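Worksheet for the structure shown next.
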Amino acid sequence: MESPLALTTEQQNEVEAARNSHNETRRPTVSALEEIMHAVHPVLDHGFIRVVDYMGDDCAIVQAARVSYGRGTRRTSEDAGLLRYLMRNRHSTPFEMCEIKYHVKLPIFVARQWIRHRTANVNEYSARYSILDREFHIPRREHLAAQSTTNRQGRGAVLEGSEAAQVLQLLTTDAERNYDHYLEMLNEHPDGSPIDPDRQGLARELARMNLTLNTFTQWYWKIDLHNLFHFLSLRADPHAQYEIRVYADTMLAIVRQWVPLACAAFEEYRLNAATFSATMLGVLRRMLAGEVVTQETSGLNKREWNEFQSTLKAPT
Amino acid sequence: MESPLALTTEQQNEVEAARNSHNETRRPTVSALEEIMHAVHPVLDHGFIRVVDYMGDDCAIVQAARVSYGRGTRRTSEDAGLLRYLMRNRHSTPFEMCEIKYHVKLPIFVARQWIRHRTANVNEYSARYSILDREFHIPRREHLAAQSTTNRQGRGAVLEGSEAAQVLQLLTTDAERNYDHYLEMLNEHPDGSPIDPDRQGLARELARMNLTLNTFTQWYWKIDLHNLFHFLSLRADPHAQYEIRVYADTMLAIVRQWVPLACAAFEEYRLNAATFSATMLGVLRRMLAGEVVTQETSGLNKREWNEFQSTLKAPT
Amino acid sequence: MESPLALTTEQQNEVEAARNSHNETRRPTVSALEEIMHAVHPVLDHGFIRVVDYMGDDCAIVQAARVSYGRGTRRTSEDAGLLRYLMRNRHSTPFEMCEIKYHVKLPIFVARQWIRHRTANVNEYSARYSILDREFHIPRREHLAAQSTTNRQGRGAVLEGSEAAQVLQLLTTDAERNYDHYLEMLNEHPDGSPIDPDRQGLARELARMNLTLNTFTQWYWKIDLHNLFHFLSLRADPHAQYEIRVYADTMLAIVRQWVPLACAAFEEYRLNAATFSATMLGVLRRMLAGEVVTQETSGLNKREWNEFQSTLKAPT
Amino acid sequence: MESPLALTTEQQNEVEAARNSHNETRRPTVSALEEIMHAVHPVLDHGFIRVVDYMGDDCAIVQAARVSYGRGTRRTSEDAGLLRYLMRNRHSTPFEMCEIKYHVKLPIFVARQWIRHRTANVNEYSARYSILDREFHIPRREHLAAQSTTNRQGRGAVLEGSEAAQVLQLLTTDAERNYDHYLEMLNEHPDGSPIDPDRQGLARELARMNLTLNTFTQWYWKIDLHNLFHFLSLRADPHAQYEIRVYADTMLAIVRQWVPLACAAFEEYRLNAATFSATMLGVLRRMLAGEVVTQETSGLNKREWNEFQSTLKAPT
């Protein structure tokens, strides 16, 4: 948890009421996931992830793959074997039979990356209709990285000396000033009363354009397990931007609770697996036959050669 | 129910076991839907629909639209009003927050129409892997319609005299013979034992090509409520082919149990609503102003004029 | 055109080169669309829309509906009739057989609404990789509307007196200051040279969070005609926010050039059509039978009654 | 070409007319693809694939990735490098910027597998509206494989002796008889005249249910390049059923003509690449360090061990 969340009393009561509800159902349930349902998992300084609903479990994937009439009487080891088989052979449709619905609070610049995953359902808090909260993401000092000198879309070392302090000061004062001016244009005090009863107040759908991209928004986001795995394979990856990766990591931890067998198969065959190109496979065969292969004799360019070497050497 | 279904004892036991499961959950539940969960709803002669899972209820749609922290404390009348507002103004994303999963048994020619709805998840019983059941759809005599003489893709009157008897006889004997030959090519008795131990048996993925299009298949089919409404608006429509419409009607009855407020809004604003073209609107305004408009003075062609008249006169 | 666009000389040369290319093809072409290909259509103060590619024409829709071997020898009047029939009866798949690809420059808050249409392909200019241009949307004075007092997500009258001037001043100075600080955090002059050779410069993926939501971005956006019609039916609608509606209006004008018959059918049966609910249809029938119906006797609430009245009276 | 196609004179004329059209366009064109446009590529005994339209080329992918104003002045080697980079790093959206539209004739049982790829547009010849041709797929003798004894959804050796002859005879006579009965129920001669003027004829939407699954249907099918690559990676794979693989192989050959650089990247990094699981990577590292690893010490089950071995040894 990076910092305490400021839920209002009303919001806390709503969360508590949801957690206290106990209903009987003929649907499959997952105890470990029920345990954390509705609870707030803090992410970044003001963000969070909450599971608000789910459908299915490991067994539901197996049932769909078999188009069976019930939950079957097979052993867990058989189910695990089938789930591994399905994942290994890219039989993706059975994994689409599970769904999860999250309530997420996140900075707008993260939301803009996130929404690129189109095979999901989303309802975002409307700034045409309502006023956004006074919450902005300000990175922690250890995440204030310099532009990478080798990768045009990556980060390098952490900023040194006074540069970090200046960045934090600019981000903070600009976000706050712009939010103050947002309220001023709306002609609204934080409590909703007008600042100046003689002014009309700018339409919300216009005033919002003054906000900075680190302002927090929130949404309900629902996705099936196959597409969630795809999201996680891209966003829980070291190449993903840190500020979205922390959301992916939180969701991955939740998925492990929800569908432990399917998630283990995902980590084995996708997340921690590696793909070798046709040329790399050729090099591998030569190496296994005892040949010493160098970048020059490999047919790989330097970048690919380095990736190849690090995959072969480093623990993933 | 058109005819008794022939579930095996094992299948019946699986269904019963599923119906007898009672789990505790923090998720919203819908009693009326829980009541019929897993139960077999017969459709056509050998088909059925079973609800095997669901996510969300009327309130979940409202929650998503409001991006709220809990189920809120608002009155049912307010929720109904919001659901009607969302449906009327084509705010479709909150309806995507509910999902339902069906187990369906249906003839292949119906499955081919059904699958055209792409925004759904499906796992079909694999005839590459398994052997299909000996079940074919033979229409009831009152559904043996002649080709329409006015609509190239519609039905006319019911077949008369001996023609119907001949059709039924051809459909039945051809389906049975082709299925017998399917088993013969597979070299399998219905119990799985080989017909001739000296033959190899044709691969299942090839033998299936001999089956007729009225052979039953089955699948798990999962869809969100918005896309289900879209499916129902097309397939529960009088222009849809009867053999798929009976499935849509069964699903519509289930949806009424599941999300009664959302479904009422759907029926009011979509299923039983009518759209008038720009020209029709002009005609309507002239009629309301007291003018007597005829097809000739309407600007509508005969077909549209007839549709317009029947919408204005007939109860939908 | 609201204001001159500031394309660089290099960009202008690229556009000119694209416009000067003339290739021979066996594909169908549309002269009216070829005429405006690659050309810049200004939208808002710094935005634009350019057609960069397209596939298909009116005839291609007809061909797909008929699954024909060639372009056929039927008359245009028959094609128009079929297109109208398809549109009226919601046979949407033939319209999916045409595609158009636009290059669009637009403010980020508009891009966030736009991207909600998921059935499209998009490549956005990456602010992780590159530096955004110093361009922000500042509304024209006549578009500075007050919050509507009757519709929580609408606009009311134009701001009066000094309020408008203050809003314009705040929007302008905040956007400029935040952009200045963006460059300062990046440690880059507009020409790419470092401001201070001793500083490292913040990573681009972080610095962008200081930008305001009216900063312009750009993307390649490709969509099929059916989904474009859906986009236009929602975004060229009077209820859409003005700042996205001007983009929709520009695209609609282009579609009229591209597929005139299909677009006429869309305007007749969708854009300028009206849907009446089941209750409204009942009221309509009573009115046409001579009964005087009031809101009280209609069964409609006030809001629906007003919508119903305005549809019946106003020219759409 | 397995056998001559029986196009009618009218169909041949339509194809010829399409091939003879020459239009001028400002869009990018691909000479090698223009060369084969509209031409019929035979597949199986009565099927075919024809390119009827396309959008984009290798350069269009690069343009979209760069969100550029024109086609740029960069060298081909740079474009090839970028395309390889995009493919390697799973940046899939630029590949979505190209589209291709095929006219395909294929057996219904193949169509049922094919349609499972949902991210595509399709218009199928309607057997509710029209009468299907008298064409069925009968496998060539060398493709009449027995059921695999080791893989429940695979093929084994080719059928021997009289078993193949019997299968061919059953498939042929059943398909022909069922088609004869289809026409008889429709009460139509092949030329469309009634068999018996006193009969009504069964509705087309019903009569079709008597047809066998090897009857040919046809459709227009349009897909973007990213999703086509996904289709090809699954269907041009040795595990795919032969009868759909021949269509995939034909499309792959066409894609090589259309976007040679992108297709080479696809073959290098996807089609001919291999993915190693986390456990396999561990084994690989031990092997490269000189350890002799056996299945027993590998942590892999037999099936995975065999796959691993064959990937390392066989040329892909």
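Each chain carries a letter (A, B, C and D) given by its place in the written order, and its residues are counted from 1.
The rule we apply is simple: a residue touches a chain if its C-beta (ideal position, glycine included) is under 8 Å from a C-beta of that chain, and two chains touch if they have at least 3 such contacts.
Note that this is a predicted model, so its numbers are computed, not measured.
For the pair chain B and chain D, chains touching both partners: A, C.
The chain pair with the larger count of C-beta pairs in contact, out of A-B and B-C, is A-B. For this pair, chain A with chain C, the centres built from the Cα atoms lie 29 Å apart.
Chain C has its Cα centroid 35 Å from the Cα centroid of chain B.
Across the assembly, chain A contributes 93, 116, 122 as residues in contact with two or more other chains. Across the complex, chain D is touched by residues 88-90, 93, 116, 234, 239, 267-269, 272-281, 284-285, 287-288, 304, 311-313, 316 of chain A.
Chain B makes touch with chain A in their complex at residues 7, 10-11, 13-15, 17-19, 21-29, 34, 37-38, 52-56, 60, 63-65, 67-72, 93-94, 96-97, 99, 101, 103, 121-125, 218-220, 222, 224.
Those residues of chain C that touch chain A in the complex are listed here as 107-109, 111-112, 115-116, 118-119, 122, 126, 128-129, 137, 139, 143-148, 152-157, 159-160, 163, 166-167, 170-171, 174-175, 177-178, 181, 184-186, 199-206, 208-214, 241.
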